[in-house]
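Shared chain: chain A. Partners: chain B in the first complex, chain C in the second.
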Partner chain A sequence: MTIINDQRPPASGAAGLAGVAARDTVAPRSRRRYSADLSALGEPALWGFGGALALGIIMIAVFLMAVLYNGATTFWPKPIERVELTDGTVIAGVERRGTIYRPDMATLPEEVRAQVAADDGFAYRTLYQTANFDLYGDDFRWVADFEVADAANPADFYYFERQTWGVFVGRIAGMTIDGQEMAYDPAVLQREQRAARERFREIRNIERREIGGINHLIERERLNQRRAVLRQGEEAAAPVVAASQERIAELQAEFQELQARANEVRAVDRRYTVTLEEVGGRQITPEISQIVRYYPANTIGLLDKVGIYFARWWEFVSAEPREANTQGGVLPAIFGTVAMTLLMVVFVAPFGVITALYLREYARQGRVTSIVRISVNNLAGVPSIVYGVFGLGFFAYAMGGTIDQLFYPEALPNPTFGKGGILWASLTLALLTVPVVIVATEEALSAVPRSMREGSLACGASKWQTIRYVVLPKALPGIMTGMILAMARGAGEVAPLMLVGVVKLAPALPIDGFYPFIHLDRSFMHLGFHIFDVGFQSRNSEAGKPMVFVTTLLLLALIVAMNATAIIIRNRLKRKYATGQF
Partner chain B sequence: MSDILEFEPTAYHVRKSNEGPALDIRNFNLWYGEKQALFDNTLEIQKGQVTALIGPSGCGKSTLLRCLNRMNDLVDGLRIEGQITVDGFDIYGKGVDVIALRKRMGMVFQKPNPFAMTIYDNITYPLRVDGVTKKAILDETVERALRQAALWDEAKDRLNDSALGLSGGQQQRLCIARAVASDPEVLLMDEPCSALDPIATARIEELIDELKGTYSIVMVTHSMAQAARVSDNTAFMYLGRLIEYGDTDTIFTNPKKSRTNDYVTGRFG
Partner chain C sequence: MRMSLSLSVAVSVLALGAGMAKAQNIDPNLPVYEAVSGVSGNLTSIGSDTLNNLMTLWSEGFRTNYPNVAIQIQGAGSGTAPPALVEGTAQFGPMSRPMRGTEIEEFEARYGYEPLPMRGAIDALGVFVHRDNPVECLSMQEVDAIFSSTRAGGADEAITTWGQVGLTGEWADRPVAMYGRNSASGTYGYFREVALFGGDYSAEVREQPGSSTVIQGVAADIGGIGYSGVGYATADVKAIDIRGADGECYSPTAEDAGSGIYPIARFLYIYMNVDPNAELEPLRAEFVRYVYSQQGQQDVVRAGFFPLVNFIAEQDLAAFGLN
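Take a look at the complex of A and B:
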């Protein structure tokens, strides 16, 4: 029994059974033999390995939980608190978070000082989102516990999300419907708000899509003129220029017409306003169309809360950002991230695989290939910002500048490709991730058994046929794994992108309805950069903090989704090539 | 130069005759880097017969076999001297089309190595790399090759299943079918039964018996019993040298060299 156990791996059938049985009978004896020396058993090492694994898993789990909790709760509607302070001021806001802090004793009044001193000099304070940035000049306010005289949740306080100026917290004092002043009526306001948003969308549609389209055409005509003049000279191009001028005049007339239409709608819109009153009594009178969403935060029912929660999520993934990215959605960033990552894969896949193929299958193995291999591995360790600098200098300025001079001279001095853009960004990331693909592909190629290659060669297949029909299909799952790693790395990379084309607010998506439809020269938004921008670059990082978590959650979800898709494709391919069609 | 092989580029070639040597090995030496592995081997492989190469491990019999279709070309630092000729053409001569040469030599390996494709695709592989696409030809070849490899009855209903689903013995017969699919002149077998159980081995041996005549077979084997059972001629090799070559009966019953006698009677090796 023991001999069988020693010489054969207990892989299957009788040998496996024999192995298990043998181990059962042998184990007590061997434990007795080693009982004197713990290190010989390797048990301390085992605890060490297990502990390291557990520590890693716990850290990742805590991080994921933090992101998930904060991200998932951000959009839940929370009650508004009206707080009277001991010095007489009254504030109203949504409670954000609280911390223990050490107040400055010198500034405290006498009776509070003793109380704080009793707590070892610590006090508790709460951060309220008081909103109303247009009136207060700030969105948030810290309130210490000892400052609070009275707190309540008044039923008539509403939470307004506005198109501009962010959130407003306050009461509704009255409204003006079609020029008629009247008292607040919930049903009327609800109806009118919907109609007003429709008007708002109409104005936006006219301004963005239609006027934007005309601007695009005018710009194209202008460039056509320039091109004609540059190519044929001032005189020869005169007829072209004249025709083009005529066309521009036509377009301008159209533009005026649209402008007038927009103004008409806007005039109507101005007749519908709502008067809002903050807790101190000051009033503002915005157009109803400015109100994106509003709800009575303290009286709203659970079902409505759920509705608002999902409406906010939907807005987040389907709309454009507002208010310096701290509100609204991130659709352009989602689009930019996905488009850039896919473009990167398109560049990195053939490049990396071909390089690895040559290195492993064709190049003579020796000193030179070793040096190349070491260099490729080292490339993976170069700080990503260095790639950004390289991308900006080589791709954007050198290559893009040359392209501009050759193909877009009429637009100069405005750069077309000679600046950061989605093309250069994905090329830079392709460069950044190509070592991963090369290493993974080489591993996969070298794992293809020699007998397979020999079998193919013995059939009279050429080297290329062997690689094409036997080696590559067998290595494909491994290559795909490398691609997935590269994709995950690329989608999460931010630093180099900041130099080669990511912007905080892109005016247009890289794909739209204007010829040539795919604009690889355009700058784009990216979720990773969005996190950085909202969390650390906005006017009020406190306002952006919830968005950081939500965006992180979304970015993680997006990367998981892209990887899952790639893994599914890989498994499909595995199955497909297991039954091998040419 | 007359010794440039003018093989036809397709798998289908006309055999010139059925007499005389299929392969003529003359004063063949081989070095792996500095180490000489084959010393001055000279033997003729007869057409339509089974030739067994026997000898203890490391004696160079596999090396010699793999030189016959130039599989050793893949090894770095390989150097050869001497000649191996097919129909009077030196296969190591200048400008030889190695791919065309390999199409005339089917090879079966120690471990079954079917490709990760369907059974059908495995067998038609040699033809498809040749550019044969006609379904009729491919179908016909699959049936012929599978019948020759005695696998037709077992595999005819699962031609489009993965070849990896076959048992070890079936896989090896599939590899034989693949080797005979391009209708080669010579079948090279490198210990074709060493990874198989006795029943599968017996089937392969039967198969070799049926295939001889149609193909000239060179097989390397570790089992002297197998060599005695299936081969017509036997070459005994020792430390890279051909010690004795001749009729299998003679080698096993009345060898001329004492070392051969010691080996075949099991006194060493």
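Take a look at the complex of A and C:
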């Protein structure tokens, strides 16, 4: 180490300094070389750069750790505490967090005053998720330590996740299986809950898939009628309308049948209920199928906890949201984010690359190309919300409105393309990210050695052949880098999307089983917007907080995954090119 | 409008009794919703963010009856509803305040008739303070003196410290930090009209983009005070009572808000473009029916608002020609 350092010039960084220290002991004469001004050595600047880098890394690490910690622990089952307060009330709930605070001495009862005063006027309080919103009207409660008379973790308390109304915390008082009232039996309830969820899915399947399909056909017939009337006039369209009415009547009959089937299952479902009792003794009797998941929070073993943890994650990434997006899954949002980003790449890639190709390879370099370049660079600095406004005004209202009048007059005044939708959103984002692609592509093109072009031209290839077979392959990895940057920016962008098609709840995905299968006019959900919405717009922001972290974690993972895929593709291209060269 | 609200809900409250502490009862006279056939299509709702969650719950409930109905919901503030209705980009324009005259005129200029509102729920605005704040009750004049720069309510001076509303000890010198909504919000407009007596907000009010952001702001600021729908309350904040005209203090409960004694309560509206000469198409008609059903008003409670009574439901259904 010392030997190597000794051979280096002293100005080459921290290693050089170490070398100097080593040399100092041997030859004191060299001290003179460092009598120069400190700033001339570059060392303070180096420390500054290193420090800035370290600060940046630390900040990113802390941010990632916070998201990871909060996101990863959200789904872990936590115990239920039953707390008796000194004023006689009893609450049961899951501990969420706690803080130290200064209680107002004047309002404290005589006996705790001394106790709080002994702690310099500070006390500790805990936030409990008491749940049971339908009975209490709220779901959280602060309890100060001095209020607690007794706390325990009773074994018979369960944590229920319900289809509606959110979480319930309480005991199981009894159950009704196939109309027969009986005492609670864990094995029976477990079996029946699975069966009930199966029934629930069956009802949903009939309603969504089968009835949904019929409704879709009826709607199409209705639009067909209107189109015929609009095009041919009331009288000429009469036969079309009559035929269509007949078809609708047929579909209606089919619908009745399906409806009856769903109602049958529902009737069965109502015979299976469970009676739940909250800590104060009030009872509710929901159908078993309403219980998405339940577990005895205080007696559950580690293995079951792990099972619940992963089951919740699976539900989160594979299910639809419920309770106004604060529970359930985010599948539509994941789908929307990915579909919108990919669609954006489809638009931005050809436009960006073609523009850069022309600018770099064909256009005469001069004042005009400089102005174009400066404009493109400036475009990258325009606030994204401006693109959103442009997208809404130009794409949705102007273009979409015209498309509606020309091609979808039968649906008016309901707009088809004349509102925000996934097509307009990805076009807006493509506009937003096209400067990134242009700049990166130009850089990549200019990095292709002149000798290669000249070699190709000398062999008799035309200009286009040179670009197609020599320049573009060599530049592809660089172009891909631009694409990755554009994708990262596009997937994380939310502000303009709120104007051009992102919605809180878009029940239908942009791709489904109904003709024409890909519905570019549909609004969609987006993970970024989901975070904003759940965090800042939901009724109970306390309950929404964990979801914010989980969704953030998921969005980060999604962007990393998309970028990683692009990087892998880029590396493959690089390798392919490297072997092709020789 | 306020009159009819007070009257009808007072009747309902008497009839239902004040059973549970906070949990709401639903008028048993409201019909139970039953699905009909042939309802399908796309609907878009653009407007109030206060109503965002409620619209979502309604559409979730509506979709259990009509699986292939797609309802898209955007909520950026009540001010975004009228232009969306005029442009035809939305079929529903949820608003947390009635439309202004100019907005109605603009709509009328395009279509020749006025937009039709339905009253979907009752919302009380709570004035929230930090949970450790000992203040119990403020008069409307005091609220005005805190939030406004004009003090149209008649207060002599602006309230800037908590000592000015009678708090003592360490609270006496603690500054009042105001949190409010952004100007596109209907809550902003309504609060200005009622609590500020039509005056102007002080420039010190920190404008927040959402109802629960106001709550979060107040929760994190010991001297904070803010207004938001009572449904957004968390355990971190406390809704204070408001002193009515009779000098008594009233809490934002279903009874007091409904009877109009609690002064900052309002209807939540959903505006629609309904041609008076044509029948309402089944899709929207069924949605209106759903809102005024047992299930629809259950959703209202789930969203943290106060449910309507049958009396109002019948009035509005008649206005839509759906009896």
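Note that the second predicted complex is superposed on the first by the 524 of 582 C-alpha atoms of A that agree within 3 Å, B and C clash if a C-alpha of one lies under 4 Å from a C-alpha of the other, contacts with A are read in each partner's own complex, and residues count from 1 in each chain.
By definition in this document, contacts are C-beta pairs under 8 Å (C-beta built on N, C-alpha and C of every residue); 3 or more make two chains touch, one makes a residue touch a chain.
Note that the coordinates shown come from a computational prediction; the quantities given were computed from them, not determined experimentally.
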Discussion item. Just checking: does A:134 make contact with chain B only, chain C only, both, or neither of them? Give me first, second, both or neither.
Written reply: second
Worksheet item: Touch check for A:107: first (chain B), second (chain C), both, or neither?
Response: second
Worksheet item: Between chain B (first) and chain C (second), which does A:473 come into contact with in this model arrangement: first, second, both, or neither?
Response: first
Worksheet item: Touch check for A:69: first (chain B), second (chain C), both, or neither?
Response: neither
Item to complete: Determine, for the superposed model, which of the two partners chain B and chain C contacts more residues of chain A.
Response: C
Worksheet item: Between chain B (first) and chain C (second), which, if any, makes contact with A:164: first, second, both or neither?
Response: second
Worksheet item: So, does A:322 touch the first partner chain B, the second partner chain C, both, or neither?
Response: second
Practice prompt. Spell out the residues on chain A that touch chain C in their complex, using ranges where they run on.
Written response: 101-104, 106-107, 127, 133-138, 140-142, 164-165, 204, 207-209, 211-213, 215-216, 218-219, 248, 251-252, 255-256, 259, 322-325, 396-397, 412-415, 418-420, 498, 502-508, 522-523, 533, 536-542, 544
Response to the item:
Per the touch rule above, chain B residues touching chain A in the complex are 11, 69, 71, 74, 76, 99-100, 102-103, 105-107, 109, 111, 113-118, 121, 125-126, 128-130, 160-162, 164, 175, 178-179, 182, 188
Discussion item. Looking at the complex, which residues from chain A come into contact with chain B?
Written reply: 365, 449, 451-462, 465, 469-470, 473-474, 577-582
Response to the item:
Contacts from chain C onto chain A in the complex sit at residues 20-24, 35, 37-42, 44, 49, 52-53, 56-57, 59-60, 63-64, 66-76, 87-91, 131-132, 134, 169, 209-213, 215-216, 231-236, 273, 301-304
